[in-house]
Amino acid sequence: MPFPILIDALDLMGTFVFALSGAMLAVRRDLDIFGIVVLAVAAGLAGGLVRDMLLGAHPPAALADSRYLLTALAAGVTAFFLNRQIERVTKPVMVLDAVGLGLFAVAGTQKALIFDIAALPAIVLGILTAVGGGVVRDLLVTEVPRVLREEVYALAALLGAAVVVATDRFQLPEGPMVVAAICLTVLVRVLSVWRGWQAPKAPKPPKPPRTP
Amino acid sequence: MPFPILIDALDLMGTFVFALSGAMLAVRRDLDIFGIVVLAVAAGLAGGLVRDMLLGAHPPAALADSRYLLTALAAGVTAFFLNRQIERVTKPVMVLDAVGLGLFAVAGTQKALIFDIAALPAIVLGILTAVGGGVVRDLLVTEVPRVLREEVYALAALLGAAVVVATDRFQLPEGPMVVAAICLTVLVRVLSVWRGWQAPKAPKPPKPPRTP
Amino acid sequence: MPFPILIDALDLMGTFVFALSGAMLAVRRDLDIFGIVVLAVAAGLAGGLVRDMLLGAHPPAALADSRYLLTALAAGVTAFFLNRQIERVTKPVMVLDAVGLGLFAVAGTQKALIFDIAALPAIVLGILTAVGGGVVRDLLVTEVPRVLREEVYALAALLGAAVVVATDRFQLPEGPMVVAAICLTVLVRVLSVWRGWQAPKAPKPPKPPRTP
């Protein structure tokens, strides 16, 4: 980890952005200040908590270091007071969410590699870190998680995670490659929303023999 | 931990009360005896299991000690046979739920402090221990968790957890303070239901530019 | 563990079958290829991941060994291309699901015993391993998990897990008993579907005093 401070700062930025997405969802669902804070904390920290529980990294970073919680709380308070302003700027929020996705995918994959996880599981842990907070956020208000609804969300995280694994495998210069990985995720995610990219669906039978 | 036996007894009481809430929800949702037991175990044990997974306390208390499972099973069987009687006494059940909330918030925070978690994350773990079982219970039947719907639920747990942290920080006498912390949580929770306290909601735009 | 290779093979078979169930659900819900893969991985691996997190088995088997992920991905791809053929053979799929249930219940209980978990919690961990993937799968598309809806699902897993615990307790020959445990679970599950067995429900009040 040659860039601990950079990674640290990126991690907190990602936490803020994701916590903000949770808090904004809570505002839209008409939850009170406590619901807003709960969803902010869940969306901001759950991805990293699940990653650290799976890796056996105890205590998890988000509990060992109070700054993560303070960051998520700050996002909740920000959304409480400024949600009308934030709601008006959906495009910047979408870009910020893509940045959070890239930051967490990269940080999650790097941490998995540090714990000697193999390439494929490390990529999965990176994706899980990136989408986990959003999954918990959406499940808490009983919505199907965005990662299942939006086409190129997990894929964008996967690309960033794969670049990190390739950097490690081929001993590429870590600094520029981390930046490249984050940018790749952000670019693919933003482009996919902008251009309305669709992933292929399975050809289905004309009428299923039974309902799910 | 100067009161291991007291804490132990409180933990089992909290487990029973929460497991009962899960079993009663299963009865209302017309689930069979297995569904009742599953929801009882989930509601009674999930909060502590998540806390112990996050702390790296292996094996978790609820698995290391069979009494927790037996307690949850007993609650399931109780609800199966006596649900009509229990349903008629909603006020006592609400008070019992508040007691469980206080017990788990205090026990969760104490365990976090024993694992050298800092003040703020210890409070969050206490809240998570207290509300985690209810969250899993509600998610399993695809309801928005009570902690997001009811105003002063997480807050009541937070107050009890904060008293525990203050006790530890300022070296206050642990016995009386633990009792005070539990009473504070119960009091705030019961009063909030009784008086219909509402937490503030965020001022929202007249019409959101897009649906969530 | 006298049969590491057998257990290994059974574990991968169970992973494939459960991953297939997740992928097929994703196809029915009209999710795209990424959603299919996410649900396949969740359904195939979540049970074992939760078991390993609770036991403190780090890193979890499903991450330490890339074959689990590859197996789940293979199931996702299989469902993507062959879902119409698979959908037509619901009975074989149901039997396969029962086999997965038996395999995971046995493997989960065995692993818990290796980690010195007592009999009752070991059975619960076996059940959790067996039904965990399905629970996560169903929650991700906001359905009430099958384990709560279908009568004799958790019970079938419980029977297999109990046989494993009895084998350990009474020093019975492990090879034949493992086979017997899996067969028992499969048999009970398949019979229960075939004969429409129903578990008893709690006698309910004619009209509940309040909605849940």
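Which chain is which? They are A, B and C, in the order written, and residues in each are numbered from 1.
Note that a residue touches a chain if its C-beta (ideal position, glycine included) is under 8 Å from a C-beta of that chain, and two chains touch if they have at least 3 such contacts.
This structure is a prediction, so every number in the text was calculated from the model and none was measured.
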Interface composition of copies chain A and chain C: same or different, split at half: different
Chain A onto chain B, rotation angle from CA fit, given as a multiple of 5 degrees: 120
Gap in Å, rounded to a whole number, between the CA centres of chain C and chain A: 28
Shared interface positions of chain A, touching two or more other chains: 53, 56, 139, 142-143
Residues of chain C defined as touching chain B within the complex: 53-56, 112, 115-121, 124-125, 135, 139, 142-145, 147-149, 151-155, 198-205, 208-210, 212
Chain B-facing residues of chain A, complex: 25-39, 41, 49, 53, 56, 58-60, 62-64, 66, 69-70, 79-81, 83-84, 87-88, 90, 139-143
